[in-house]
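Have a look at these structures, which come just after this line.
Note that subunit A is present in both complexes that follow, paired respectively with subunit B and with subunit C.
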Partner chain A sequence: MKVTVDEAMCCGAGQCVLLAPDVFDQRDEDGVVVLLDAAPPEPLHAVVREAASVCPAAAISLGEGA
Partner chain B sequence: MSGRRDLAGRGGVTAPAGVLVVGASAAGLATVEALRRGGYPGAVTVLGAEPHLPYDRPPLSKQVLSGAWQPDRALLRPRDVLAALDAEFVLGDPAVGMDAPARSVRTASGRTLRADTIVVATGTSPRTLPGQAGLAGVHVLRTLDDALALRAGLLRCARLVVVGDGVLGAEVAATARTMGLDVTLAGPQRAPMASQLGRPVAHRLAELHTERGVRLRMGTGVRGLTGARGTVTGVSLDTGEVLPADLVVVAIGGDPVTGWLHDSGLPVDNGLVCDSRCRAADGIYAVGDVARWHHDQLGTLLRLENRTNATEQAVAVAADILGGDRPYTPVPYFWTDQFGTRIQVYGVLPADAEVTVVDGDPETGRFVARYRRDGEVTGVLGWNMPKQARMRRQEVADALAASDSASAAH
Partner chain C sequence: MSHSESDQVLSYPISSAAALEPPAEWERLRDQCPVARVKLPSGDEASLLTRYDDVKQVLSDPRFTRRLSAVGAARVSADGSGGVFNGSMANTLPQGGEGHQRWRRMVGRWFTAKRMAALRPGIEEMADRLVDEMVERGHPADLKASLGFPLPVWVICDLLGVPDSDRDKFAHWSDTLLNLTRYTQAEIDAAQREFASYMAGQVAARRAEPGEDLLSELIAGTDADGGGLTDAELVGTGQGLLVAGHETTANMIGKMAGMLLADRRLWERLVADRSLVRSAVEEALRYDANPGFGMPRYLDQEVEVGGAVLPPGTTVVCSMAAANRDEYAFDGAGEMDLGRSPNPHLAFGVGPHSCLGQALARTELQAVLSVLLRRLPSLELAVPARELRRVEGLVVGGLRELPVRW
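Entry: the complex of A and B
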């Protein structure tokens, strides 16, 4: 799984951090998403898929057998 | 996806679909994605009233309206990601009726779609003012087509009046002002979004709009529109004043799209009324803006027109369809961006709440405020501090859970 984020689309809701804090964080200054792990281990794939689906700005994309 | 689009032939009855989702916006799409993530193997059909593939609505009043984004950027998923869902998208064909016991839906073009499970995700439609329909230059904003029509109007007009002081009205005013228009915002509250933000922060939002040149006409209702030769010329207020305009946006809220359910026998009352599992009847669910479900922790029926509710509720409904059995008890959340200021709200912010700044400093333009009523936390607000506000979301969740156990003990 390869995770990419689009900072320009991020609205700072932090839904991804609530779901997968090992993969996503937010910048202190404006809340924009910070990708901590672009290739998360298999046990996290399900929750990362959920994060990509529920992101209210559609700012998270998954690739490579996601 | 496109190869399967015509399987539901016009006038014909399709083979039974496993799940039929009526509504192709954020809530509908998230339902399908959650079903597939959960391993649902059956057929899935998505019926959409609009011709567009699923797109996102929050950018419509901001990036799409301003022109910062091309319309395609508002699409929720690229085509290949949609195709991988193995769902049939039937688009541009509004639902016009439902036979609830038979679990079938009739469409405007004459299709009948049958399914084992139906998920209603038809959203809301904008309220309008009397006389609005016959006047050019008056807009609502709900769909992508609405946004593009309004943008065209903003590019050729100079004087905009926004009727409505909620989130949408305030965002449209901010976007139009940033584009250089002369903007007046009119509404009945004492400040924009007062019912969502509480008075002190709404007052601050009013100051932000005023500083940026938006004229506020607060505390007055709107009587109607004035026009000449079929084109709008202004907005008349309850005070008798007429605000001149060559363009008007009416943003006075929306009504749940439930007219098509009127002879279905389903409980419709300010939305499709559901139990705590978002179930309106056996095998029939509602998600998103149209769903009025019982929030067990708040102990009341609730309908949320929030972007994150659309997806969270979809996840809950998909889990129930897959055999889970848990009440849907979200922490309400919304955000708004106006003039570069990002506001995040968790929970609810009653007008009579006690407001305490718990992080940052209002003087510096960044703060987090906690709202309490009767000693209980009801909500948290972030002003240009999205991360720090989110980190206090749990305080709201804990208070909700505590009120749930308190009511359970009675």
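Entry: the complex of A and C
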């Protein structure tokens, strides 16, 4: 799984951080998403998929390559 | 659809036979009339969207603006103004584009998931105290008045650094902004002047003597370009947060408890498995059939939605709650599934304007549900669910009261 985030689209809802704190964080200065792990291990895939599907700004994209 | 049906104009908001049940029209509209003509309390017409994909598309598309003050935009409330959607408070803050994003990020930093998680112990402590007082007074009790209302008001006052003791004033100002039918324009204008002048006083006091609160931090804060918020923006922000922190979560606490107690098997399942609290809160948000007005948007160019071409000058009302019951988006949409995952409901909206305080609302709802399950596992409705009554005429939907015993 390859995770990418779009900082410009992020609205700082924080759902991704609550669901997968090992993969996502928010910047202190503006609440915008920070990607901690672009290639999370398999056990986290389900929760990362959930984070992507509930992101209100559709700022998280998932690819299966690399 | 026959010609006569397509010409029929529904009155909006649509009423419902039972407080916790959705109006029967939602299903018919999603099915047969995804872009429906409706008449607002002002008498002006708008187009109502009820399908998940359409609501999501419109709220994510910047061509659908929040400029409800535009000439030609439908007026929302009975007195002809837009209430909260179109008052001086709303128009003080940037409503779209880069200006909005700059404002959003300056304020959004105080509402991150981590900051909200840090508030949770304090929120639970307050919820515990309110439950103590409710238990002391004995049952039956009104959960809305005892817990649902005071908790979020205390949280937002504490966060902003405004005195909780002024809450009666806030409740009045908030009500005049959010009520669609009850007040005259003169009453609304007077309340808004008072509210703005109160908040200006609070901003001036923090500027002179900063505290550890959000208002003080916003005054001191700067954005990436070194610019801070103007005084007018600070006042508008403080007012917006206070109003947003008032009715929405307060009513949602009552509705959530009402939904979970109306079918007590749901409550018992939570008592038995507290690990469901997070997903149960999300499901209550999705399932809420009485969320209030929905989100209006104004279109100044032609756009296609749900197979219909909307002309420039159209005002659209997005019913997130109708969308949240769309069978094409949610399996078993008409049932509460406390473990539903993922649950991409639209209760907080989507896109760049989705609710700024959603992490706070989630934290409060999870905290209050955890405390209730721990303290009052025997909680039940003190009246049959069909006797629960809705608050009418507010932008935000709620129950008048939630009588409970334990």
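The definition used in the following text is that the second predicted complex is superposed on the first by the 64 of 66 C-alpha atoms of A that agree within 3 Å, B and C clash if a C-alpha of one lies under 4 Å from a C-alpha of the other, contacts with A are read in each partner's own complex, and residues count from 1 in each chain.
Simple rule for what comes next: contacts are C-beta pairs under 8 Å (C-beta built on N, C-alpha and C of every residue); 3 or more make two chains touch, one makes a residue touch a chain.
The structure presented is a predicted model; accordingly, all values stated were derived computationally and were not measured.
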{"item": "Which superposed partner A:A13 touches (first subunit B, second subunit C, both, neither)", "value": "both"}
{"item": "Contacts of A:L36 with subunit B and subunit C, given as first, second, both or neither", "value": "neither"}
{"item": "Touching partner for A:A57 - first (subunit B), second (subunit C), both, neither", "value": "both"}
{"item": "Touched partner set for A:R49, first subunit B, second subunit C, both or neither", "value": "both"}
{"item": "Subunit B versus subunit C as contact partner of A:Q26, first or second or both or neither", "value": "both"}
{"item": "Where subunit A meets both subunit C and subunit B, residue numbers", "value": "9, 11-15, 17-18, 26-28, 30-31, 49-50, 53-54, 56-58"}
{"item": "Residues of subunit A defined as touching subunit B within the complex", "value": "9, 11-15, 17-18, 26-28, 30-31, 46, 49-50, 53-54, 56-58"}
{"item": "Subunit A partner contacts - residues on subunit C that touch it in the complex", "value": "60, 104-106, 108-109, 111-114, 116-117, 223-224, 341-344, 348-356, 358-359, 362"}
{"item": "Residue numbers on subunit A that touch subunit C, as the complex places them", "value": "9, 11-15, 17-18, 25-32, 49-50, 53-54, 56-58"}
{"item": "Residues of subunit B defined as touching subunit A within the complex", "value": "26, 30, 33-34, 37, 56, 58, 73, 76-77, 307-308, 311-312, 315, 333, 335, 337, 342, 344, 382, 384-388, 390, 393"}
